[in-house]
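For reference, the structures are reproduced in the following blocks.
In the two complexes that follow, chain A is the common piece, with chain B as its partner first and chain C second.
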Partner chain A sequence: MKYAGKKLVSLLMTLLFVSFLVFWAFAVIPGDPALAQLGTNATPERLEALREEMGLNVPFLQRYMRWLLHFCKGDLGQSYSYHIPVSDMILEKLPISLCMTGMAFVMVLLISIPLGILSAKHRGGKLDTVICAGNQVLMSVPPFFSGILITLLFGMVLHWFTPGGFVSMQQNPAGFFGYLLFPAFAIALPKAAMAVKTLRSALVTELGKDYPRTAYSRGNTRNQVLYGHVLKNAMIPVLTFFGMALSDILTGSIIIEQVFGIPGIGRILLTSIMNRDYPVVEAIIMLMAITVIVVNFLVDLLYRKLDPQIHVET
Partner chain B sequence: MSLLKLCNLSITFLDGKEPETVVQNLSMTIEAGEKVGLVGESGSGKTISALAIAGLLKRKDVRIEGQILLDGRDLLACTDREIREVQGKEIGMIFQEPMTSLNPSRTIGWQVEEALRLHTNLNAEERRARAMEALREVELTDTERIYHTYPHALSGGQRQRVMIAAAMICRPRLLLADEPTTALDVTVQKQMIALLHKLSETHGTAILFISHDLALVRTLCDRMLVLRQGKTVEEGATEQIFTAPQKEYTKELLAAVPKFERFPRPLPQEDRESVLQVSDLCAYYPMESRKLFQKKQKKQVLHHISFAIQQGEIVGLVGESGCGKTTLAKAILGLHRDDTGEITHRTEHPQMVFQDAGSSLNPSKTVEWILQEPLRNVTSMSAQEMQERVTQMLQLVQLKDTLRKRYPWQLSGGQRQRVCIAAALMLQPEFLIADEPVSALDVTVQKQILLMLQDIVQKTKVSIFMISHDLRVVYQMCDHVLVMKDGLIVESGTAEEIYRHPKHSYTKALLESAGAST
Partner chain C sequence: MKRLSITFWIGAVLAGSILLFFLIGCFWTPYDPQAMNASMKLAGISIAHPMGCDAFGRDVLSRVMDGGTSTLLVACGTVLLGAGLGIVIGAISGYFGGLADTILMRIADALLAFPSVLLALVVIALLGTGEINVILSLGIAFAPSFARVVRGEFLRSRYLGYVQAARLAGASHARILFVHILPNIRSVLISAVLIGFNNAVLSEAALSYLGIGVQPPQASLGSMLAESQTYLLTAPSLCIFPGVALILLVLGFGLMGDGLSTGRK
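What follows is the complex of A and B.
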């Protein structure tokens, strides 16, 4: 419990720091939200009036403190460009992005764990060679490109889905998940390839240690040694990778949403940055930071479950 | 019928360019309840033979010929399934490295019970009862806690006891013990031998005890077998071999065993200058703090250490693992920052020789490059001068000049340690620290290296601060000896004083474990 409390304090500090950094970044980079909103209609008087109205003339620190106070109360503010509460905007799009991230992550797990084990089990064999070669190729293809290839193959040639034909969950749940399958796959591929590689090398390292030999000397079969002894130890480094992959998939979905025409969080983020719609940007980035931090926290907890040695060190 | 009978066992590795036969026509028998020692230097094929007997050598790139008969049944002709029935049930095995031979993420109880899970139909409760009994039998106290804990919470000796408990739990008739005491402190070694003896007597278990430590074999085994380069050199009753060895190699091996005899060396002349002076040295390690804002706690590992080393003197530091020997060496070298007290040495760049010559040399550099490195770093010698110095040093450590172009992995263990010593001497320091310089080497090589160090001290007047857990080695080599326990120097004096008339009880215990007759 002491550990969790200590961790929580450091999590909050991190979030505070991230929020300040984002706020500060927007204060120093060129671009004026009032000007972005008025566009060509801007006259100095109207600009000044709007800036006053939006509270942009207040000193930076004061603005930050005000935002922070509201944020802590759960009030994310109003979008500058759409004039609706930010929370409504995000809540509408969030499920789509979360679904896609979740699907992609499950795919990474489903692909990488069996393949990694298979590859390590037959290390040096033909199957291993094929898996490793495939890995090498998949790792080097960025998701947006594999996304285009997938659209081409499954959309244009095989007609398994209609490119650009996104339907919302309310309209057609099956169609919604069916459509997301393909972008999720595009995101999952390179991560899965890396995970296979990480798991394989972790397993091979563990198999080369002394304790599997002890296990064999007691009459264990190959599979018993692999699943009963080695796998748990090999999962420790792989867990770190999965944690990073989950954060990566979440943040990396922005581009894929563009490629597949999905109206998710990534899309709002892009348009909001272009419109200098700070409240929206700030809220989304905080959301991502919270997710990344929470994921890392969970990985830490799982670590303690897997590796008994961590207990003594903390 | 013999319990185990090896008939013309040959083992060949096929993974290199040419097939390499590591065991040739090995024949031996072990009767039920008999304790047999298998001795030989590294590369003699003793571990490989044991792995073959245990059925752990079934690989595509290994060819095993001959017969391994357990109760007349040839294990080499058995299927994998049949072999697994034997493993852990008929044959138990314990290994050299207790630190790494246990699964770090499984509880001790789980691992001790494993063979029962695999070979019996006992239920969880019965297994647990058997495991607790086994843990008590290997003389572990606090078995309840140990049952639920993980390997990292145990000391090396405790882990080896757990290994023995796990290997013996199905009451195998044969226990293969591959260097089970090598990684342990002398006092623990002695206990471990006594334990193996007791278990063998109570359960009638036969033991094949593999060791390079002849003294241990003598205390435990009824018969012994001397191996060299995969071939049997001599076989017979242990006492007979020790008292009247027949073969030249056996005699050589026995002669090389460090004894409580001093190498002849001239008495150092009086009133020499001291090259190193340590006074009132304390050293600390940080402890992980439990609370977020708590001040970091420190653990004191060295307590008020004071001593001096004179020119041309060899000073030994003995003590068991974890007593602070290495921390002291680090502090002298300036590698340990958190210390108080005073260290004065006359040498600008004190040098160190480490235990593991294999991993302390950069594998991608030639011997010449390695030797020149200290010169490049702190002197402005010309390439010509550096070459000459390398030639000199290779001569001093008795290595052929042609070895200068070789890489460390192309050298033998002894040669590598010579390179390490040469590298430490390149700057012609007035003293060097040698941390367990011969522990990883075979006895015959050990003796050569020790004699060479004596010779170097004579020639160069360098002083050596030698850290070792082997009291015999220290006695052979050193003028002065410091005995350390828990970061404290409990006794110091000339080697003769310490070894002939130890005052502190700890020194006496150490000497007794090492088999000294005082």
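What follows is the complex of A and C.
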């Protein structure tokens, strides 16, 4: 696997560069975090002591190396405003955000694959037109607006869930998943619409090639050609899309958490930005970027597995 | 002149009418969008207030027009900045290749690893909230994807006959880049700009929904949606109108982009 090795090296390089970028960005901003933390009770001695304690007195590169080493060991630093380890803060909320992202992703798959196939099967027909038009509209709805509409429809009119009535997994697992179903759906909708569009156009392109015709002439039925021959090839561009969709789903979850009042990672990120609690912001941004980079790496490998014809030189 | 598909025209009419609506909002709104009127608190739809009034008795129609204007402003600024940066970087990277290309594309790849709203959040965390900072942050966030598209086109163009001919005729690199190649890749650029514009509108709305875009009391479609959530059951129209305005704008540009790419077959 020479290709995988090469990709792995470039993955590590990107990760290193991203970490440097994040650390650098938060180091060059004007303002002294130690001073900000002490506020009005700052005396020169206390300031100096705190700067020493926070490790602000060493040169930038040394600070970066130390931060990176600690990060790799899982020590994400101390929150400025809560004075607890950042990793504790994140670990506590991570399951919530992960569950929601995972559910949204599964929903995208469950909605888009059958609809995409259906649409391509009846291409040019009435059903296809309806699906395509619906797609175009759904793609234009910002997730937080569909979140609001879902709250209105399912929460306030139909009373399927209580808006703002989030319960933690420990308290009530069924209620927890039941509540997350709705925000996950709001995130999934626009992505599912785009996935249907991608899958449909990939299927239509593949169906227009020569090999489905050959398959028909050998006596295969429509379904045999569609599921046995065409679908596998059409999944290749769709796979790339699913990889890219993940980063949008991650961002989407930050916003949707606000709509539905869910205390997840997005909530911590936003309050930390408002409070200028940089270690927390750095850690969350790094984790999200790492997730995106690693997923794209895996998609690249899978891509290669699915289509041996691809020989990209990078 | 190529014939454009019906999809394009539906999109153009939609986008055009909503743009006109917002543009009117630049110069004239039926009421002062900031003027509060306690007696009209959460008033329903009427002839005087076709979209009703919000919790402070402000006219929703005026606020949608005004908010749309600021959304447009931010989106245009973002696309100008993002596309400008992207074109310059992509052109240099694709045309000259070599070390510059490797370095620039590594940086672009690293930036692309951050979801764009997340990148914007970082820049805002660093610079503070406000309209200019939103444009700056989203522009930076969008530049890498523009650069990627433009780079691919320049890379393809650099070996084409007309570029070689221009070089033989003694044209400078800058002239070849921006006078010869750039106009030739306009169709790709237009699609990229349309998609970028939509992403900018949606991201701006998301940021101001989160309360870190345009600051109150100035209206913005995103912040209006955030405010409407408190009165969702009593006054659903508060969220419907700004939301629908947003959808129509994005839908119009989306259809235009779609129509262009299918019409080019």
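What we mean here is this: the second predicted complex is superposed on the first by the 276 of 314 C-alpha atoms of A that agree within 3 Å, B and C clash if a C-alpha of one lies under 4 Å from a C-alpha of the other, contacts with A are read in each partner's own complex, and residues count from 1 in each chain.
In this text, contacts are C-beta pairs under 8 Å (C-beta built on N, C-alpha and C of every residue); 3 or more make two chains touch, one makes a residue touch a chain.
Everything numeric here is computed off the predicted structure, so don't read it as measured data.
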{"item": "Clash or fit, chain B versus chain C on superposed chain A", "value": "fit"}
{"item": "Which of chain B and chain C A:A215 touches, first, second, both or neither", "value": "first"}
{"item": "Which superposed partner A:I29 touches (first chain B, second chain C, both, neither)", "value": "second"}
{"item": "Touched partner set for A:N233, first chain B, second chain C, both or neither", "value": "first"}
{"item": "Which of chain B and chain C A:P44 touches, first, second, both or neither", "value": "neither"}
{"item": "Partner chain(s) touched by A:L306 [first = chain B, second = chain C, both, neither]", "value": "first"}
{"item": "Chain B versus chain C, judged by how many residues of chain A each one touches", "value": "C"}
{"item": "Touching partner for A:V281 - first (chain B), second (chain C), both, neither", "value": "second"}
{"item": "Contacts of A:V9 with chain B and chain C, given as first, second, both or neither", "value": "first"}
{"item": "First (chain B), second (chain C), both or neither touched by A:P59", "value": "neither"}
{"item": "Minimum C-alpha spacing, chains overlaid - chain B and chain C, in Å", "value": "5"}
{"item": "Chain B/chain C common contact set on chain A", "value": "none"}
{"item": "Touching residues (chain side chain C, partner chain A) in the complex", "value": "106-107, 109-111, 113-118, 121-122, 124-126, 198, 202, 205-206, 209-210, 212, 222, 225, 228-229, 232-233, 236, 239, 243, 246-247, 250-251, 254-255, 258"}
{"item": "Sites on chain A touched by chain B in the complex", "value": "2, 6, 9, 209-211, 213-221, 224, 229, 232-233, 236, 306-309, 312-314"}
{"item": "Interfacial residue positions of chain A with respect to chain C in the complex", "value": "13-14, 17-18, 21-22, 25-26, 29, 136-137, 139-142, 144-145, 148-149, 151-152, 156, 163, 247-248, 250-251, 254-255, 258-259, 269-270, 273, 276, 278, 281, 285, 288-289, 292-293, 296"}
{"item": "Of chain B, residues touching chain A in the complex", "value": "54, 56, 84-89, 91-93, 95, 97, 100-106, 114-115, 118-119, 150, 152-153, 163, 166-167, 288, 290-292"}
